[in-house]
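Some notes on the structure that comes next.
Chain naming follows the written order as A, B, C, D and E, and within any one chain the residues start at number 1.
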Amino acid sequence: MTAAVTEPGRAEAALDDRVATRSLAVRMLRRPEIGSLVGAIVIFALFMLVAVPFRNVANIGTILYGASAIGIMAVPVALLMIGGEFDLSAGVAVTTAGLSASLLAWNFGLNVWVGVILALALALGVGAFNGWLLFKTGLPSFLVTLGTFFVLQGVNLGVTRLLTGNVATADISDMDGFTSAQAVFGSEIALGPVTLKVTVLYWVVLTVVAAHVLLRRQVGNWIFAVGGDAAAARAIGVPVRATKIGLFMAVGFCAWLSGMHLLFQFNTVQSGEGVGKEFIFIIAAVIGGCLLTGGYGSVVGASIGALIFGMTQLGINYAGWNPDWFKAFLGVMLLLATIVNVYVKRKADLR
Amino acid sequence: MTAAVTEPGRAEAALDDRVATRSLAVRMLRRPEIGSLVGAIVIFALFMLVAVPFRNVANIGTILYGASAIGIMAVPVALLMIGGEFDLSAGVAVTTAGLSASLLAWNFGLNVWVGVILALALALGVGAFNGWLLFKTGLPSFLVTLGTFFVLQGVNLGVTRLLTGNVATADISDMDGFTSAQAVFGSEIALGPVTLKVTVLYWVVLTVVAAHVLLRRQVGNWIFAVGGDAAAARAIGVPVRATKIGLFMAVGFCAWLSGMHLLFQFNTVQSGEGVGKEFIFIIAAVIGGCLLTGGYGSVVGASIGALIFGMTQLGINYAGWNPDWFKAFLGVMLLLATIVNVYVKRKADLR
Amino acid sequence: MSAPILELDDVGKSYGNVHALRGCSLRVRQGEVTCVLGDNGAGKSTLIKIISGLHDHSEGVMKVDGEATRFGSPREAQTGGIATVYQDLALAPLMSVWRNFFLGNEIRTGLLRVLDIERMKQICHDELAKMGVVIPDLDRPVGGLSGGQRQCIAIARAIYFGARVIILDEPTAALGVKQSGVVLKYIVKARDAGLGVIFITHNPHHAYLVGNHFVILKLGRVVLDAHRDELTLQQLTAEMAGGQELEELSHELRGAEPGKVAAPAAVPHGQVQAPELGPGDRATDPEGR
Amino acid sequence: MSAPILELDDVGKSYGNVHALRGCSLRVRQGEVTCVLGDNGAGKSTLIKIISGLHDHSEGVMKVDGEATRFGSPREAQTGGIATVYQDLALAPLMSVWRNFFLGNEIRTGLLRVLDIERMKQICHDELAKMGVVIPDLDRPVGGLSGGQRQCIAIARAIYFGARVIILDEPTAALGVKQSGVVLKYIVKARDAGLGVIFITHNPHHAYLVGNHFVILKLGRVVLDAHRDELTLQQLTAEMAGGQELEELSHELRGAEPGKVAAPAAVPHGQVQAPELGPGDRATDPEGR
Amino acid sequence: SSSGGKQTTEAASAPASAAGTPTMTVAFITHAAPGDTFWDLVRKGAEAAAAKGNIKLEYQADPDGANQANLVQTAIDKKVDGIAVTLAKPDAMKANVEKALKGGVPVVALNGGIDQWKSMGVLEYFGQDEKIAGEAAGARLKQDGAKKALCVIQEQGHVGLEARCDGTKASFPDTEKIYVTGTDMPSVQAAITSKLQQDSSIDRVLTLGAPFALTAVKSVKDASSSAKVVTFDTNKELVTAIKNGQVEWAVDQQPFLQGYLAVDSLWLYKTNGNVIGGGQATLTGPAFIDKTNVAAVEQFAASGTR
């Protein structure tokens, strides 16, 4: 870029007095996640003001844990949304992963790690299946993954009962490999007064990796393109199908990670869990600035969206507001955060 | 059109041998709802085959009732979707309408009809508010109505407990006007061996009216346009804002109708219900051929979608399949219906 | 000369940090064709979007019939008799041809004000036929039509509904020679009928064939505003192209031996040699940079 | 004359009940410019979409380097060295200029194969500058650029990445005179570099300025396939326009008194008189109906 | 049935007649959410009774009142010989239950609807009064010397769960409510933790389902609170937790028994005209399971029936 300054075309560019210069600060302001960041700060400030326990540093671990449980899935869901697709099966897929790891190990008396690996294969398989079905049928992903959502829900319940006779998996905490697996998926890290669950770490790492992939890798470029205009992307030579199937598999991978946490944190998994969570992931992504129609968004934003959601959920508790109105507060907070988000973005766009 | 046949341009049109003639039958096949119709027939045939009680004419009332409960809302939700927007608050708005009619009448000791009318005003108000907020904030409707969804959920519970001390409304069946209101919103009609709930009638009337509006009225044209390309519609002079707000209010109206049925069928309303139904309405609309991105679809299709959903739900039950797997069957059936749908449409488009 | 139906005084418009239009003044009279010419990105579309009510101007005054006006929406402009063919055509791709044609101006019939579909199809067919376009199945979505067919629908619609002013933004871009000719003839007919026409084009030949009045935009400013009598085609072309023209181009290209066949070769990325750009090519490049 | 790199034999393509292309035969050689001309809806875009791998043909054979080929996707065609400027440009509107430019051909650097953003921006800027277009902020989404600016990005991209064949579908539609001239010069340069160029246009002047070989489509069939030597500009124009031309048009329009100012009037819907259409206007109208 | 007579003949001929053709069909319709461990036990009880009586059991569940009512309608459509139904939302169920009774299908109620079953004309009722169970829990809290309790509701707006908390509050006024999302364990854990952090005076966490008690144990640890966990309902893991002292006690309403009795009563009614409870509700709870008596249920819990 430095060389370009002396280059004739570049030099002339400076001549067009129509284009006001735009400072680095303003350019930062135009990033898709900036609005949600301001929204997060507003929500944070609000609860700092009204909720005493919110101010206690030690409680940060609880807030981050709540956020990380959403964030780990919000990151791939955001990638998928930027790529123009939905995954309604993301919530139950988490349960499926946890169940299958537990059931496989327990049923066949395997080392827990074998179950964990098989569950990973299964989770990736479900993602790949979603993507394959999408292209095979030409249906919108909303419908395809809705089908998977129902099927997984039924399978979770049916298979668990078939194998264990119960609706929850048996306790596997006495099996080989459980302790080491728990150390990986369900441990805690003490940082001074703050105790962080390992999921917080995974969440941060995932966010960084995904943001890097999205902004600095070829695949990231393809993700934006297939979401923005799949026909144009295909015409210009982007492997649309592979990109989208890969995104579904990324969701599968993170569902597996969440599922493993679920299993090793609680030792058993309830087969009916996970329903309804898919929308929380989507909400986090949208609050974070992802467009529902695809082609625009940010994973950092989605993580901030998860943080907003987590802070709001726990902040209402910390503030001790009347629990009857919990959902109403939640709704108002979410609207508040997103309106701030839009306001900031609009201001930034006008500069 | 008859005059045109002898008109020069028209005559020449016949000369272009590139365009194969397309019979009326094929043109019928290209309607958006045709695929879902075939899907419905396939599902119907399947259950006729495997579920004995399905064959009993008398049971048609049960099936249609189940479908009508979805269909009454699927119709306006489909209109809204064709107009390019979502309403996630549609499910709880039904509960809000029922609750408010009951609470207003009960709390102030009014005639039940006064409560009913006030509830209508409230339901339309919620719809208008959704639309207003959409344009005021510039947020996608997914987020705006998500906010309303949470707020209504909280308000339903909070207000009900505030006024009654319980989570359900008091029984109002002994109040003035209840009998007449019940006759309007909760009665049954016997047609030979079949007993039809009045909701089935409302459903059919709504479908016919909405289909007429969509295809034969100016507003219908505008609905397609604002959904297909809101910017283009605005540029060409369509009042985009009024059209969309009107659609949200139509959803509000139908939510009121459903809510009144809920109230007068069961005498009381549970404040926590209705959550999750919004997606069933959207599913019905999508199965019926509505595009999630707007601009294309059919209300008749949405009604058929509701029928498919209702048939599947009850058919699995009638067939006595293992309820553990219920959701899995439901998922497979939905996928089946939509794949048939897409297959038929693709075939039709190729003719 | 009649009083201008439309006047712009020092009108400006910014998109964020881009000032697309600055201090533009313009008069449009009925019974005249006003041609707006200019380079890519000069602000032509922005100008007409202000007139048609799609954008609001950020500076200056717009007068309609002498009265300062701000259109709140395109619908208001249309009620005022202004019909526009936008550069991006403003068609809903999934809607049928006739529905697009009558969008916002539907014909209704009977007490119930039901859409008169037969009549609309008939009119739509006739209007397209008058332009030499016949689409046998008017129920087809416009998304499946070729670029030129779509353009014809947008033009036919504006001509049909334009009551006082018709604005055409590069109407002939996707059209062949004959179709372009038909559009030019329509422009003349509209003028003859007493309408004001604003015609935006890149083609000085086209403009000079029909225009009474010429406005050239450059970098968002009006650099020429002249009546036909004050200008020859050569001058217009020179003004527009910065002294360069098709003739000249063909002269330049003659050096390139049009008939020549080069030796086949596979070329690595970016190895096609760039042609020499004359000073004019760059000084008036899009956005003028 | 070299062996054709690309041959179409009796190729056909239907969209549902519309047979957009029937029995088309075509040869494209490297080091030559093959111009495809034809009316709106004649099937030009359909033809090139087959060559660029976007659509599959329903009949006939396509040969690349003499071997029968069916491209499974545009990516395969691009791997084979074929780059295309589509009529609808194929740009993702929300993506930045440089990301669009390098879409599918990203430059990566280092062991980790990270995107080399600086370099891509630099190249993108340079390539656009060579065409006389400078967009100061390459991070701007292309959706906010003017029609001509977008077109230039698509053209610059194809020229940069085209290794053996470059296809341009009406590249100059949204461009002004100068920019069009630059594109024509680029076409000649690409030919000189030994590439095969397929140039689709409505403008016989443009075509004759650079073409070695001319193919005219009508109603989905090839009606003329001639070498430059066998044809004059007049013949080409006549073939294309059915004997009618700008000259003639201006002659016709002269009767319309370009300088005339009509009396202002408000006109009810559909009352603008339609111009008389010559037989040519209608016989070769879009889709030929 | 060893004293001969008709029953013996039937019992003897039944298996012979058609290799186990069911003697009757019973529809079992609950308001359970899918995958709920409590309802799993109810269902197991029902299945045990069905197996014993050679009954074809058609189990259906839907948490939505209107949908559950429609399930009763489908049972009528299927012409079953008896219906066992939960009346958690009695008003919603009323019309269809009465329709079934009018059509001559015997109906028994279980779990919910203790105040309404009689007026609907339902034959028998098996279950507990949620309010009374809540009051019992409250009394026990008082007796334990608790200062402040947190009542964790896993489904907002659920009448039965609300009644439990309200009952507890009635006899132990220092009870506060919190709503959590029952289908999302990590959020349950975080929510309870946050509440404990907010109000350190809470020294009892009362959950309304066994899995949530186990999660609450983790929350207590996370919040470094000294609160003790008590709960409604049991399952295998919970029994172990009581044994280890992680959970103080559980209010047991014997879900297995509710299911079992409901189905068996229909069989009895059909084959012998018996009515259990003599027109009164048959209460299956509340009983308390704590360290003192946990050994008695342990082995049954291990086999998944307590």
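In this text, a residue touches a chain if its C-beta (ideal position, glycine included) is under 8 Å from a C-beta of that chain, and two chains touch if they have at least 3 such contacts.
Being a predicted model, the structure only gives us computed values, none of them experimental.
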Graph separation of chain B and chain E (steps between touching chains): 1
Longest centre-to-centre distance from chain D, chain (CA-based): E
Chain at maximum distance from chain C, centres defined as averaged CA atoms: E
Interface numbering overlap (same over half, different under half) for chain A and chain B: same
Chains linked by the largest number of contacting C-beta pairs: C-D
Distance between the centres, which are taken as Cα means, of chain D and chain C, whole angstrom: 21
Rounded Å distance between chain A and chain B, as computed from the means of their C-alpha atoms: 31
Intercentroid distance (Cα basis), chain E paired with chain D, Å: 72
Gap in Å, rounded to a whole number, between the CA centres of chain C and chain A: 46
Chain C, residues touching no fewer than two other chains: 18, 88, 105, 132, 134, 136, 282, 287, 289
Chain A residues counted as touching two or more neighbouring chains: 8-9, 12-13, 16, 19, 22, 153, 157, 161, 276, 291, 326-327
For chain E, residues contacting two or more additional chains: 34, 156
Touch list for chain A against partner chain B, complex: 133, 137-140, 142-144, 146-155, 157-158, 161, 276, 283, 286-287, 291-293, 322, 324-332, 334-335, 338-339, 342, 346
Residue ranges of chain D in contact with chain C within the complex: 1-2, 5, 15, 18, 29-32, 38-41, 45, 81, 87-88, 105, 123, 127, 130-136, 144-149, 151-152, 159-164, 170, 173-182, 184-186, 188-196, 202-205, 208-212, 228-229, 237, 240-242, 244-246, 249-250, 252-253, 256, 258-275, 277, 280-282, 284-287, 289
Residues of chain E touching chain B in the complex: 34, 58-61, 64-66, 69-71, 73-74, 77-79, 89, 91-92, 94-95, 155-159, 162
List of chain B residues in touch with chain C within their complex: 1, 3-4, 7-10, 12-13, 16, 19, 22, 27, 216-218, 220-222, 224-225, 228-229, 231-239, 291, 295-296
Contact footprint of chain B on chain C as seen in their complex: 52, 54, 73-75, 77-78, 84, 86, 88-95, 99, 102-106, 108, 113-115, 117-118, 121-122, 125-126, 128-129, 132, 134, 136-137, 139
